[in-house]
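Same chain, two partners: chain A is paired with chain B first, then with chain C.
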Partner chain A sequence: MRESIIMKIHYATALGAVALVAIHILFRMTQNFSESLQYQNVIANYHLLPYALMLEVVLILLSVHGFNGLRVILLELKQGIMYEKMINYGSIGAMAALIAYGSRTILMAGIGMS
Partner chain B sequence: MAERMSNREGLRGMANPARYGLERVAYWLQRLSGLGLLAYLIGHIYETSSIVNGKVAWDKMLELTQTTQGHLILTLVIGMCVFHTANGIRVMLGHGGIGVGKPGQPEYPYDKSQRSATGSLNYKQRLCIWVSIALAALAMMYGMAVLFGD
Partner chain C sequence: MAVETISKTPEVSVPISSNSIILRISRFNSKTDSSPTFAEFKVPVQKWTTVLEAILFVKQNLDHSVAVRYSCRQASCGSCGMQINGKPSLACYTKISELNSNVVTVEPMHNFPIIRDLAVDFKQMFATHKKMKPYIVREDSEVTPGTKEFLQTPEDVEKYLQFSYCIKCGLCNSSCPTMATDTSFIGPQGLAQAYRYVADNRDDGKKERLKIIDQSHGIWRCHFAGSCSHVCPKGVDPAMAIQLLRGYLLGFRK
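Up next is the complex of A and B:
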C-alpha cells in the first residue's frame, strides 16, 4: 500500500478515535469516577450493545493508529529492505494480536462469560 | 564514509529535542506522547481484561491502579492525550497547507512575522503548539481535580 494512503488512514483513525474516546471518557463521568469503575457498573457497560460495539471500534481505531505510528517512528530510525519488512509485518501482527485480545474481553464480558 | 556515518545519530539523534527550535520540540513531544499512549493502551487493555475473571480479580486490579501513583500516571496520560490530539490536528492541517503561509525566498531585511529566518513555521502554527501545551496542562489540572477529588 502507498504511504500516502497509509497516512490518510492514520489521520482518519485519529479523528475517529478522538470522537469515540471522548464518549468513552464521558461514560466514566456519568457518576463519581471511582463508583463508575465498580464491577457491576463496568459489566453493565459491556452488556449495553451499542457501547460494546463502540468499544470494539475504538479498539480497532487506536490499535491501527498506535501501531502505524510506532511503525513510522521505527522506519524513521533505520532503513533497509529486511528491516522495513520486519517492521511492517511486525506492526500488523502486533496490531492484530492487540485487537484479538481486546475483542476477547469485550465479547466475554458482553455475553456474561465472566 | 565517516562523514556519512556522522549524520546517522540513530536513537540518540531522535531523542534530542534541541537544535531546531519549537518545531523540533513539538515533533519530539508528539512522538514521545504517542509512544506513551500506545504503552498505556496496551496496559489498559490488559488491565480491563481482568473483568472476565470475575469480581475478585477486578477488585484486585482496581486496588493496584486506583492509588496515588496510578492517578498520577493517569494524569500524565490525560496530558499526553490532549497534547497528542491538539498537536496532531495542527500537523494534519499543516500537511493540508492550512496555516503554513505562502512560501517565499528569504530576502534582507527579513520579515520576522513570517519567521522565515528562524524557522519553517509561521506564527499561526507556532501559536498552535503553545495552545496544545496549554490545553494539555489545563486538562491535567482538571484530571487531577477529578481523580484526587473522589
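Up next is the complex of A and C:
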C-alpha cells in the first residue's frame, strides 16, 4: 500500500477517534465519575447496542492509529529490509490481535457473558 | 564518542593581539581514528575574516594536513558546509565577527559520513537528488525544430523560483532531526528539489516524482521541525516545499 494512503487512514482515524472519544467522555458526565465506574454501570454501556457499536469503532480507530504510529516510530529508529518487514507485518498482527481481543470483550459483555 | 582535545603549537609566529581567536577544528580520519579529537589554533582575525579564511590560515601557516572542502568562497558552490559553533553554516558565508565568540569550533556536518576532518561524503545526497529527476520531463523539447520556447508568466516562475536557488550544500540535511535517525529518509534537499520541478508548469513528470517520494522513507517522515529552512544560506524553504508536496499527495493541490 502506498504511504500516502496509509497516512490518509492515519489522519482519518485520528479525527474519528477524537470525535468519538469526546462523545464517550460526554456520556461519562451524565453521572458522577465514580458512579460511572461502578460495575453495573459499565456493563450497562455494553448492553446499549449503539453505544457498544461506538466503543467497537473507537477500538478499531485507536488500534489502527496507534499501531501505525508505533510502526512509523520504529521505522525511523532503525532501517533494514528484514527489520522493516518485521515491523510492518508485526504492526498489522498486533493491530488485528488487539481488535479481536477488544471485540471479544465488547461482545461477551454485550450478551451478558461477563 | 570520546572527544579528546589536543592543542597545537604554531610553527610560525602568529601576531598575538586582541583580534585573534581560538579556532577549534575537529580532526578525524575514518581510516585510522576511532573518535574525533579537537586541535586548537590561535588565528589572527579582522572584522571581515570568514571562518573559511581562518581555516585556510591554519592550513597555510599552522597545519597543512587539515582537510576541508571549498571552492568558490562566495556561497555559490555549496562545498564548505560545516558545523560552526554548533550550527550548520557555510564557512565562506560566516564571518568570525558575527559569531560573537573568541572561540570558534568547527566540526563536519552531521548526518553525513566523514571522509576526513571537515570533509564529508555527499554520495548519498547526490544519489537522492538524482533520483528526484532534477530536470524538466516532457515529450517535446525547446530545441527541436518546429517547437516553440516554453513561455512562463512571472507568477508561474514565482511558484518554484526560490527552490531553484539550492546549491546542494547539504546544510538542510545536516540539520534535519529525522535524518539523524532515519538513514533512508530522502531528506529536505531532495524533497525541495522534487517540489521545484513538480511546481514548474513546463514539467510533465509530476506523477513519477510524487510516486518516488510517496514511500515509507519519503515525504511522510518529515516532522516539520523546520530546521532545514532555518539553516539554508540561500533562503530556500524546504519545510514549505514538503508541506506543499503533501498537498498534492493528499489531493488538496492539483
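By definition in this document, the second predicted complex is superposed on the first by the 114 of 114 C-alpha atoms of A that agree within 3 Å, B and C clash if a C-alpha of one lies under 4 Å from a C-alpha of the other, contacts with A are read in each partner's own complex, and residues count from 1 in each chain.
Criterion: contacts are C-beta pairs under 8 Å (C-beta built on N, C-alpha and C of every residue); 3 or more make two chains touch, one makes a residue touch a chain.
The structure displayed is predicted, hence computed values, not measured ones.
Once chain A of one complex is fitted onto chain A of the other, the partner contacts of A:R104 are limited to chain B, with no touch recorded for chain C.
In the superposition on chain A, A:V18 makes contact with chain B only, while chain C stays out of contact range. Look at A:E76: by the touch rule set out above, it reaches both chain B and chain C.
Of the two partner chains, chain B is the only one that A:L59 touches; chain C does not reach it. Put chain B and chain C next to each other and count what each touches on chain A; the higher total goes to B. In the superposition on chain A, A:E84 makes contact with chain C only, while chain B stays out of contact range. Using the contact criterion defined above for the overlaid structures, shared-chain residue A:M113 touches chain B, although it does not reach chain C. In the superposition on chain A, A:I9 contacts neither chain B nor chain C.
On chain A, the surface touched by chain B in one complex and the surface touched by chain C in the other have residues 7, 76-77 in common.
Interface of chain A with chain C (complex): residues 2-4, 6-8, 72, 75-77, 79, 84.
Only residues 10-11, 14, 31, 34-35, 37-38, 41-42, 45-46, 48-49, 51-55, 58-59, 62, 66, 81, 85, 88, 92, 95, 146-147, 150 of chain B touch chain A when the two sit together in their complex. Looking at the complex, you find that chain C touches chain A at residues 178, 181-185, 214-221, 249-250.
Chain A contributes residues 7, 11, 14, 18, 21, 29, 32-34, 37, 39, 42-43, 46, 59, 62-63, 66-67, 69-70, 73, 76-78, 98, 101-102, 104-105, 108-109, 113-114 to its touches with chain B in the complex.
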